[in-house]
Amino acid sequence: MFTHLDDKGKAHMVDIGEKIDTVREAKAQAFIRLSEKTLNMIKDQSIPKGDIFSTSRVAGILAAKRTWELIPLTHPIPINQINIDFEIKDNGILIFSQVKTNFKTGVEMEALVAVNLAALTIYDMIKAVERGAIIEDVKLLYKSGGKSGTYEYT
Amino acid sequence: MFTHLDDKGKAHMVDIGEKIDTVREAKAQAFIRLSEKTLNMIKDQSIPKGDIFSTSRVAGILAAKRTWELIPLTHPIPINQINIDFEIKDNGILIFSQVKTNFKTGVEMEALVAVNLAALTIYDMIKAVERGAIIEDVKLLYKSGGKSGTYEYT
Amino acid sequence: MFTHLDDKGKAHMVDIGEKIDTVREAKAQAFIRLSEKTLNMIKDQSIPKGDIFSTSRVAGILAAKRTWELIPLTHPIPINQINIDFEIKDNGILIFSQVKTNFKTGVEMEALVAVNLAALTIYDMIKAVERGAIIEDVKLLYKSGGKSGTYEYT
Amino acid sequence: MFTHLDDKGKAHMVDIGEKIDTVREAKAQAFIRLSEKTLNMIKDQSIPKGDIFSTSRVAGILAAKRTWELIPLTHPIPINQINIDFEIKDNGILIFSQVKTNFKTGVEMEALVAVNLAALTIYDMIKAVERGAIIEDVKLLYKSGGKSGTYEYT
Amino acid sequence: MFTHLDDKGKAHMVDIGEKIDTVREAKAQAFIRLSEKTLNMIKDQSIPKGDIFSTSRVAGILAAKRTWELIPLTHPIPINQINIDFEIKDNGILIFSQVKTNFKTGVEMEALVAVNLAALTIYDMIKAVERGAIIEDVKLLYKSGGKSGTYEYT
Amino acid sequence: MFTHLDDKGKAHMVDIGEKIDTVREAKAQAFIRLSEKTLNMIKDQSIPKGDIFSTSRVAGILAAKRTWELIPLTHPIPINQINIDFEIKDNGILIFSQVKTNFKTGVEMEALVAVNLAALTIYDMIKAVERGAIIEDVKLLYKSGGKSGTYEYT
């Protein structure tokens, strides 16, 4: 009956039924480029909207859990752990995420959603001060587990 | 009673009650850097997960409408219009969004959420082919309306 | 920059910025065809999962409010009222919805989402008893307000 | 303490703790009856809101994953696969869904939510052209797995 | 790279990867204190917004399933069962919940979210009659399963 | 056709179409009773899950915006402002919220959802230390605007 099931171009959620549960981990990063003035305000905790680190950390964690609602072809995944961390650099803030599961498919998208939404939350909180901030270098740093094994960005 | 209401560092949704409804528009972009091989597969519509443009366009539109659920300190906004568009470049895909409202506060975050989630959806659909793709140059291109007037990225 | 903005086939949320707020109303219906045995269990309140009317009414109301999250190109709408009602027929249950707003665009989709999700909730609650129940005759009965004026199904 | 726990008519999520994980699959369909004029516009890709197939496919997939949020007494389910397909008929469009899991309870509701939301998305995209379109013949076609075994609509 | 991973005060989702799946159950309660007049209207089913028990029961069940979306550091959990029950007392309504899973972490938060949202829904439905109703004595009554074993409120 | 529209006991969203937009404000509180040991850990920032104030503040703000998704008969409201604040007492933490809108109906439920979810988030973060914490004295403190005017808890 599904005569067109494998049509070219047709979006579909791939079947993960044959895959097996393994421990899987993914790490990602995003960078938000900021002016010295904005960075100084962040260090002083004088950004009017409040503390950017705790707010964007919670935003990133919550969004990572909702990855399957946001990215159409992803699978709902029982996440074991999410960590988000920040490093203040000379020209911006580097955001890291780490996500773990024990499931049939990996958490790369969850790790990427976490850093993206954390970066967007920072942008929202500093945009009254610096509208031209740029998010860049958003990438998967590492993933392990599953048939394809370990990957590290080089 | 709210003795600590304006404490330094305390996250809060700012009061937009004094602002007035005006036509407001925002445009944003994101770029996803891809290998020639991946771009050729996209042009051939041979990405196994399906058509990346229609899928990521819908993902971007849906996510933009949920901006206020994802970015903690944003306000729910009655959005009038959302457009997402793509340009295939030599080294990747440029994603544009355009969002309009007639409200007390702007749609910059909605435009940025739209391009980010569209970019992440593309990443999800091509990651089996190219895990090292990078999202970059995510920025607000333009906004108009409101007290602060028109802004253009230069 | 938006060189491809009006491309044929490209999904987009249409701009409602030029439309004006008017009182708008929509009514829709769905019918779920059921066996006599199932209908008798419903009348006896002996469906094991509980009362189907109150549960599916709440499900329909909640889903109608989330229409813009579910149907990609719809606009978020400030809904003024939602009513859902049922009529037990000889061969099934007829579900009605009525939704009102005072906004730039109508609530037809909200009314249709309300009856569909109410019907699906009934199906879920009776499926242990009758797996072959059919939802049919889902249609817009009436809409008023806006430039296109009043419509009535005939 | 739970003196009223099994009261007649009380809605509750049934306990699936004693059930075992098995491969489970469900297929469902919905039909949207359309005029020849609308069908011709769909074939020409001249529906103003954009391509109805890719948009409603994504809508159906996303909604199926959120079934447990929409249908009150359903359980959250780790879905392995979702496919949605279309057949253009003389008098409308037939929509099929296929959903798989490996869990304690089946994915019948997920399959039905997928076709319903796909049908509603088509309605939304063509309603400016044909307001009187009807959704009908929404039913479970097939389910396998679990204690009750295989079911096929006849 | 995660140099600040264990910083004091940093919110994070704890790793449940080492925990094992066991049957886990939690029971919670909330009490909403109401005037005699309001209680009589509830008994008469004359609250204008409709039946408070079926509506708040559905609200509590749905919210419990979304606990991981609402409470930032909780894990998504495959819930096996949710029950909500009510006892009409002389001075208000006592709400009970019971939630079960077979997973790596417990359902205490799900049980507490269930009774809280049920209580808030009752408040919403009676607030036109009695704005000063108070929710109190919200607590975990019981939990079993997992390494920490059984807990009972005393 | 809606023959049963005003049936006794039938849940429905009341029509706010005749109401007018006015500035409306609501304040609510919740108290979470904690042991001295837990309070000392909070003051020391030694709660293992991280800073409870910033996490529960973000949780409360996000939940308040989703009130209409959680409480079945509430209307979606364009919120102008949300503030959440805390006072450390000898025997627990007092949580305050303040919500404002300019709309046809008030934000009492939003203010109550904010404090409840903030309280539940605190419970989640301290429950490894003190499982028997109790949430109590959840009430509306103040509301202004609309036909019924100003209310203050006394």
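When the chains are written out, they are named A, B, C, D, E and F in that same order, and each has its own residue count from 1.
Note that in this section a residue touches a chain if its C-beta (ideal position, glycine included) is under 8 Å from a C-beta of that chain, and two chains touch if they have at least 3 such contacts.
Here the structure is a predicted model, which means the values were calculated and not measured.
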item: Given chain D and chain E, the chains that contact each of them; value: A, C
item: Count of contact steps on the shortest path from chain C to chain F; value: 1
item: Reference interface D-E: repeating pair among C-D, C-F or A-F with over half of contacts shared; value: C-F
item: Chain of greatest Cα-centre distance to chain B; value: E
item: Chain A-chain B separation of Cα centroids, rounded to whole Å; value: 15
item: Centroid distance [mean C-alpha coordinates] between chain F and chain B, Å; value: 30
item: Multi-partner residues of chain D (at least 2 other chains); value: 10-12, 14, 51, 54-55, 58-59, 62, 66, 72-73, 76-78
item: Chain contact topology (line, ring, star, complete or other); value: other
item: All pairs of touching chains, each written as two labels joined by a dash; value: A-B, A-D, A-E, A-F, B-C, B-D, B-F, C-D, C-E, C-F, D-E, E-F
item: Chain C contact footprint on chain F (complex, rising order); value: 1-5, 7, 10-17, 68-69, 72-73, 75-78, 103-104
item: In the complex with chain B, residue positions of chain A that touch it; value: 8-12, 14, 30, 45-46, 48-51, 54-55, 58-59, 62-63, 66, 70-74, 108-109, 112-113, 116-117, 119-121, 123-125, 127, 131-140, 143, 151, 153
item: Sites on chain D touched by chain B in the complex; value: 51, 54-55, 58-59, 62
item: Contact set on chain A toward chain E in their complex; value: 23, 27, 54, 57-58, 61-62, 65-66, 76-87, 96, 98, 100, 102, 141
